[in-house]
Amino acid sequence: MANVQPLGDRVLLQPLEAEEKTKGGIIVPDSAKEKPQEGKVIAVGKGKVEDGKTVALEVKVGNRVLYGKYSGTEIRVDGEEMLIVKEEDILAIIKK
Amino acid sequence: MANVQPLGDRVLLQPLEAEEKTKGGIIVPDSAKEKPQEGKVIAVGKGKVEDGKTVALEVKVGNRVLYGKYSGTEIRVDGEEMLIVKEEDILAIIKK
Amino acid sequence: MANVQPLGDRVLLQPLEAEEKTKGGIIVPDSAKEKPQEGKVIAVGKGKVEDGKTVALEVKVGNRVLYGKYSGTEIRVDGEEMLIVKEEDILAIIKK
Amino acid sequence: MANVQPLGDRVLLQPLEAEEKTKGGIIVPDSAKEKPQEGKVIAVGKGKVEDGKTVALEVKVGNRVLYGKYSGTEIRVDGEEMLIVKEEDILAIIKK
Amino acid sequence: MANVQPLGDRVLLQPLEAEEKTKGGIIVPDSAKEKPQEGKVIAVGKGKVEDGKTVALEVKVGNRVLYGKYSGTEIRVDGEEMLIVKEEDILAIIKK
Amino acid sequence: MANVQPLGDRVLLQPLEAEEKTKGGIIVPDSAKEKPQEGKVIAVGKGKVEDGKTVALEVKVGNRVLYGKYSGTEIRVDGEEMLIVKEEDILAIIKK
Amino acid sequence: MANVQPLGDRVLLQPLEAEEKTKGGIIVPDSAKEKPQEGKVIAVGKGKVEDGKTVALEVKVGNRVLYGKYSGTEIRVDGEEMLIVKEEDILAIIKK
């Protein structure tokens, strides 16, 4: 598989299908003002550099996360649809 | 229950119904320019990273808070309507 | 009385009536471009966090203050109309 | 006289009349793009807090200053028209 | 070959052709909201200066990278089309 | 002469006439997108306060400088047209 | 020749003619979204002051550089057309 290493505070996500999401108990209401989506963290950047120190990301590879639907940039890696977002576009980690 | 861990300075809130609010003595007038709402803190992020140090949030799990009505992102967790907001969108803690 | 603890650099104010204001000698001219109002500080937040240190507010509970008329968020606490503003929206403390 | 203590980096000014200004030799041309006005400093705030330190204001009580005409908020103190401005809206101190 | 030394946090990129990209397994879907492109790093700046320290870039000469299609400034070096972008416009490094 | 002491990083300038400018060899082409003008520094502020330290201005009293034509605020001091600008609006010092 | 000393992080450039540029192998395509131009560094400012320290510029007098066509302010020095730009508007140094 092609290896995509996000830069800085970016994260590579694999969007999760609706079926998988309902199992997990997290549903986004149709009336939601800003619809978040669920995804899986495939790769993370090294973090943002602040005052010469690199601040590691809070999300880790394998985490399931909620992110803003209109965030990031879509790419296709080995036939799979993926998304590169900044960590600030990730709302929460879902633990099950 | 699905476990939602907010990222950074985000907070997971459960909005409180109007009946509960009137009991507590806090009423938002109909004429209010920007209507705040009351909610219960279900989970809090680790805080914002500033100059390499993580600044813990001021609100704690269990707090009842006032927040801007149009803040945040709605999600449904195990059938319950919830909201993920940034702590800066929370106006005050209500103690009774 | 319900206890409202403002967050961060926010302040809970009780607006003062016009009669009380004229006694104090501070009158806002009708022609004023941006009309300030007088209020009483009911509760203050712990302050803003900067570089990991909390900067306490300059206004104290009991102070009478001038604030921008269109600032903040209106709430009603135990039947009283109150306002939550950021300290930066407070122009001055009135001492009599 | 009512005592108005400006907050932070704000300054309480008493605008000076046109007659007084021409005596001092400072005239604002009619064609000026942004018309400054002359005023007297009545009270000053403690200064802005930066990195936990309070930076005292450069203007002092009694200074005559030039400030942007459309700056600040008008109030009336004991029948006198006054203005609360931020120090950054003051262009210069006039010494005579 | 003319030697182009990018300034600060800028990077000189050689855009890669579509054929090369499909071999690598990274495809940008036609429906993508913001289309990233693949390129090769030809030269990098010394980095951005923050608080008097130079922060070296994360990308290195020879890296294959994904960058926003509408980023940067096009130039032609010895007949080759090149692009100068800021590092923040680079989304990820592709390792194969 | 009235003494105008600019505040912070502001500078008091006396605009120079066109005749004087052509002698000095600096001409602003008619087609210039943003026309700079030449002036003489009459007084300078103490500088901007950053992190509690005052950063002195680079221009000195007596310098001839180029500044953006539409910068600053016009005032008249003892019948002379002057300009108060921020130092960042000054492009260069002219030495002859 | 009149001596123009740019202030802060500004640079005095002499634009280079098209003929000279093609010799060097750097050509800007007609279709370029934002057209950079080639110029020679005639004088540089002392640098930007950050946290009380002056950060020297990366470009030096004599460097040939690429800069954004619509950057800066045009002036004429002793009959020569020149340009004052901020260093951040310079994309790269050309070494031949």
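Should a chain be cited, it is by its letter among A, B, C, D, E, F and G, assigned in written order, with residues numbered from 1 in that chain.
Here is the rule we use: a residue touches a chain if its C-beta (ideal position, glycine included) is under 8 Å from a C-beta of that chain, and two chains touch if they have at least 3 such contacts.
The shown structure was predicted, so the numbers you read here are calculated from the model rather than taken from an experiment.
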Shared chain contacts [subunit C and subunit E, defined touch]: none
Geometric centre distance via CA averages, subunit D-subunit C, whole Å: 23
Rounded Å distance between subunit A and subunit F, as computed from the means of their C-alpha atoms: 51
Sequence positions of subunit E contacting 2 or more other chains: 51
Successive chains around the closed ring, taking subunit D as origin and subunit F next: D, F, G, E, A, B, C
In the complex, subunit G residues that touch subunit F: 1-8, 10, 12, 46, 49, 51-52, 70, 73-79, 81, 84
Residues of subunit C that touch subunit D when the two form their complex: 24-29, 31-34, 36, 50-51, 53, 55, 58-59, 65-66, 68, 87-88, 90-96
